[in-house]
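Worksheet for the structure shown next.
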Amino acid sequence: MSPKSRFAIGFRQWMAVLPYIALGLIGTAVFVLYPMIKNILISFQNFSIMPNASNDWVGFANYAKVFQDPNGKFWIALRNTFLNVIATVPVNWFLAILFAVLINAKFVKYKIAFRTIYYLPIVTSWIIIALLFKYLFADGDGGFVNYILHKQLGLLPQAISWRSNYWSAMIMIWLFHIWKTVGWGVVIYMAALQGVPKDLYEAADIDGANAGQRFWHITIPLLKPISIFVVINLVNGAFGFFPQVYFITKGGPMDQTQVIPSLIYTQAFEHLKFGPAAAMGFMMGIMVFLLTYSQMTKIGKQRMF
Amino acid sequence: MGSMRKVFGGVMAAALAASLAACGSGNGNGGGDAAASPSAGATDSGGSGAETPKDRVKLEYWHTYSDQEEKVLTEKIKPAFEKAYPNIELQLTRMPYEGLKQQVIAGVAGDAAPDLMRMDIVWVPEFASQGALAKLSDLEGFDEVKANVFDGPLATNFYDGAYYGVPVNTNTKVAIYNKKTLEEAGLTEAPKTMDELVKAAETLKSKGKFGLGVSGVNAWGLAPWFWSLGGKITNDDYTKSDGFLNSPESVKALETLVSWNAKGLIIPTMLGGEPGVWDGLKSGDYLMTDDGPWFYSILMNEKDAKFDPMAETVRGLMPAGAGGSRSVIGGEDLVVFANSKHPKEAWTFAQWMMTEEPQKIMAEVGLIPSNKAAAEAMKQMDIPFVGEFVQQLETALPRTPIPQWGEMEGIFNLSFEKAIRGEKKPKEALDEAAKQIDALLK
Amino acid sequence: MKTSLLGKIAVYAAILLGALLFLFPFVYMILTTFFLGTNTLPKPDEVFHVTPNYTNYATVWNKNHFTTYFMNSVIVTSVAMVGSLFLGALTAYGFSRFAFPGKEFVFRIFLLTMMIPGVINIIPQFVTIKGLGLVNTYWGLWLIYIAGGVVGNMFFLRGFFESIPKELEESVLIDGGGSWRIFWNIYLPQSLPAMGTLAIFIFQGTWEEYFLALTLIKSEALRTLPIAILMFNDKYATNYGQIFAASMIALLPVILIYMAFQKKFVQSGFNEGGVKG
């Protein structure tokens, strides 16, 4: 095919599709891509919030500032991001598949009702749930969680100040995240289980396999493709912690629970350090890009449900 | 009081010299336009009455007044001002406290900031350094305003040789005691010294109650204690921290705080625990805390409350330690944004708001005037709790009024928290903080 | 396959325990809305002994312009939802049914944008809206909500669109219809369950959005519901009964919409094709 006709075909194809995607392309370019590019530029500038400020170019100074911070906030945030993935993804995944399989058991009635309840946290607002969790995890015996674990059950030697110590704050953030999002996995797996052929289980029954063996040797391998999808999405979600941290601890105590998005937000909007904040944003973008590059087209082709 | 005078004396002298110098160099901000416009002082109110409502200028004013305060603002302040200046209309917008700074930043960056705002005193130098605020000290009538207000609150508006706001109201914290618990500790009146207070706290310790009400590990919560115990954050010109924040006196002050906490004398709220300060104080589990006048104005206005703050608490000055009785200055400043479309009218309102009458109106809901005459008048008003606050203001100190304060406070809080949690020796923590702060001050 | 009685009890126990864990916080929240003490943390003993009443609901409904904000949120959210659904479907249709040069590239860029934290984009977005003269208008909010969400919505719908069999198009083509008719008569009706699911997400996401609304909307009369809720969170003291009463009112529409849509919810999502990785 000659270059010219290939161009002509391409042009015709674009003309055919443009009516459908033009608005989406323009909108994304203006409100998503342009801000991102703008932020990359800001990361090399001494940025002032004034509309007509000169914003001198400063090279990599903002990046240097991020790494030279005497309290290592960026590294702490990075470490927490990985901890969040390690702590929440396996639990989230396991609970999702477990509950889905249990609810899907033949004899269980009111399947839809259970699914509705499990999914309820997903459709409620982050802000409200965060307020609620802060309230449930309030310090002293006046907080419900302390009241149950310490006063009623005696599982804790003393009431915990959840948000004022590093590990307890992290645990609270994880519980908040898992509680809020596990319903998504349950719904996905419940839908996926509809497609699992029943005869495999019948064969296993004849072999005398018990419930645990059936779960580990049939259900889990069969659902492997869907599990990959679920896990990728869970990892992605755990990477993107923002409301989980911002609404619960604001990064405290002592900026110990910050993750990169919440750190970016506080640096920019509390301390007016837009340059370093943009630098962190750009670095996080590159990192996420590298980590997900190989999976990217796969994620793109996946169906969300 | 003596040393306070000296601090502000120095600042004022520097301010005067610098603002004189700045006059020549024309800063190009909205302030310049306003300075060029004819006088809009409180004196010419009669002349503007003739204008038709069509020409009325709308001033957008952001604030974070509380429920009761907002009521007074809309029902008394607004009508009074619009009567005096019929050509100006106030458009009042109450902002949520959450995310406030982000909104101001976005407003400034997008050229959509209001004309005026009542903002926390610690923000003013930071926004001034960004060029977001109009320079008020060049404007006509500023000297008059300056002469009528207290130096301490005014100093919070100072940045780089000029003033970028006027102190619309001021406040400070005093020691508030639960009466019953105070009696339980064997006292009949508020302790005058730290030693007395600590003794009371030790008595209460055996009863499972807490005596020392440090409300949080941040400058607002810690500073009154740290200063009263003899600590200092920087030198008097706010240019150096090394040798001050880590001086032997400061280290001693922090060590004292650390040892109190180790002995379990300080309320758990300091490190984020429960019950909250007000809850603990109401129930009598906490002997005392230091808090502002809103403790009374909010609790007294609560419907069907079982707790009567006037009858069940006792107020006193911060107990004196090696540094005397020190508290921290809080409050809000009224600023005009550099991009205001009506800088002249905005300044007119700011000037008017600083005069005695409006200051007295806001004093009715417990906001302490920074206008001297209004503050004097407030003592005669029938506001039962206000006396101690006005008295404490005489020795209260501002948090370092410089643009770097936001970052400085982060360092300050972190070093104190590390020491109090036992992660660092007080001396080490303060040495490190002083070094970091000096890097910012350069 | 038979499960022993003991096994059945164990399974039910586990499911019920899970349901309890998900439901209980809501129950505790509702109980707290009946609590009338002020500015103090309600203790569990007190919360469990409340008598149901509407006092806090009535108070918040009449405070801080709550009703106005509620209606504002209804307007903002419904338009944003309809607009997002339509634009998302349109774009997804373009990407799933047409081949064109550079598609893969555009795709990767789109994916990338979904993975980078957007919190810091507020300032450039705000400046753009300001440039269009749309500060303090709902048009500004709608533009960002709809344009900012189109990538995610497109990816969500595309999977469904691609599983719609091509044979269905033939009837339209035989009638002489073009791509538009196929979009309207085949793709949209065929993907209703997916659209319903997406509608819930968009509704909820817009309904609770406050970072942008707070920044863009300057006048009190135009504010949305999340801002009203934050107004109850005072600088000095928190009134839990009122905050959660306001929260409950805010949650109600979302939960109602979810209940209404959820029967159809994703059911047809996974046919056999869907399980393929």
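The letters A, B and C name the chains in turn, as written, and every chain counts its residues from 1.
Quick note on the criterion: contacts are C-beta pairs under 8 Å (C-beta built on N, C-alpha and C of every residue); 3 or more make two chains touch, one makes a residue touch a chain.
According to UniProt, the chain labels map to these proteins: A = Sugar ABC transporter permease; C = Carbohydrate ABC transporter permease.
Remember, predicted model here, so these are calculated numbers, not experimental data.
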Intersection of contact partners for subunit A and subunit B: C
Which of B-C and A-C has more C-beta contact pairs: A-C
Distance between chain centroids, defined by C-alpha means - subunit B, subunit C (Å): 41
Length of the line joining the C-alpha centres of subunit A and subunit C, rounded to whole Å: 16
Residue list for subunit A, restricted to those that touch at least two other chains: 49, 51, 138, 142-143
Overlap residues in subunit B, where contacts from two or more other chains coincide: 99, 102, 105, 109-111, 274-275
Residues of subunit C touching at least two other chains: 41, 123, 127, 210, 230, 233
Of all residues in subunit C, those that touch subunit A in their complex: 1, 3, 7-8, 11-12, 14-15, 18-19, 21-23, 25-26, 28-29, 32, 41-44, 47, 87-88, 90-91, 93-95, 98-101, 104, 106-113, 115-121, 123-125, 127-128, 143-144, 146-148, 150-151, 154-156, 159-160, 163, 179, 183, 194, 197, 200, 204, 207-208, 210, 226, 229-230, 233, 240, 243-244, 247, 250-251, 254-255, 258-259, 262-263, 265-267, 269-272, 274-277
Residue ranges of subunit A in contact with subunit B within the complex: 48-51, 53, 70-71, 138-140, 142-143, 159, 161, 163-164, 252-255, 269-272
List of subunit B residues in touch with subunit C within their complex: 60, 64, 66, 93-94, 96-99, 102-103, 105-107, 109-112, 114, 274-276, 278-279, 282, 294, 298-299, 302-305
Sites on subunit A touched by subunit C in the complex: 10, 13-14, 16-17, 19-21, 23-28, 30-36, 38-39, 49, 51, 95, 98-99, 102-103, 105-108, 112, 114-121, 123-129, 131-133, 135-136, 138, 141-144, 147-148, 179, 183, 187, 191-192, 194-195, 201-202, 205, 211, 223-226, 228-229, 236, 239-240, 242, 260-261, 264-265, 268, 274, 277-278, 281, 284-285, 288-289, 292, 296-305
Complex interface listing, subunit C residues touching subunit B: 36, 38-41, 122-123, 126-127, 129-130, 135-136, 210-211, 214-215, 218-220, 227, 230-231, 233-237
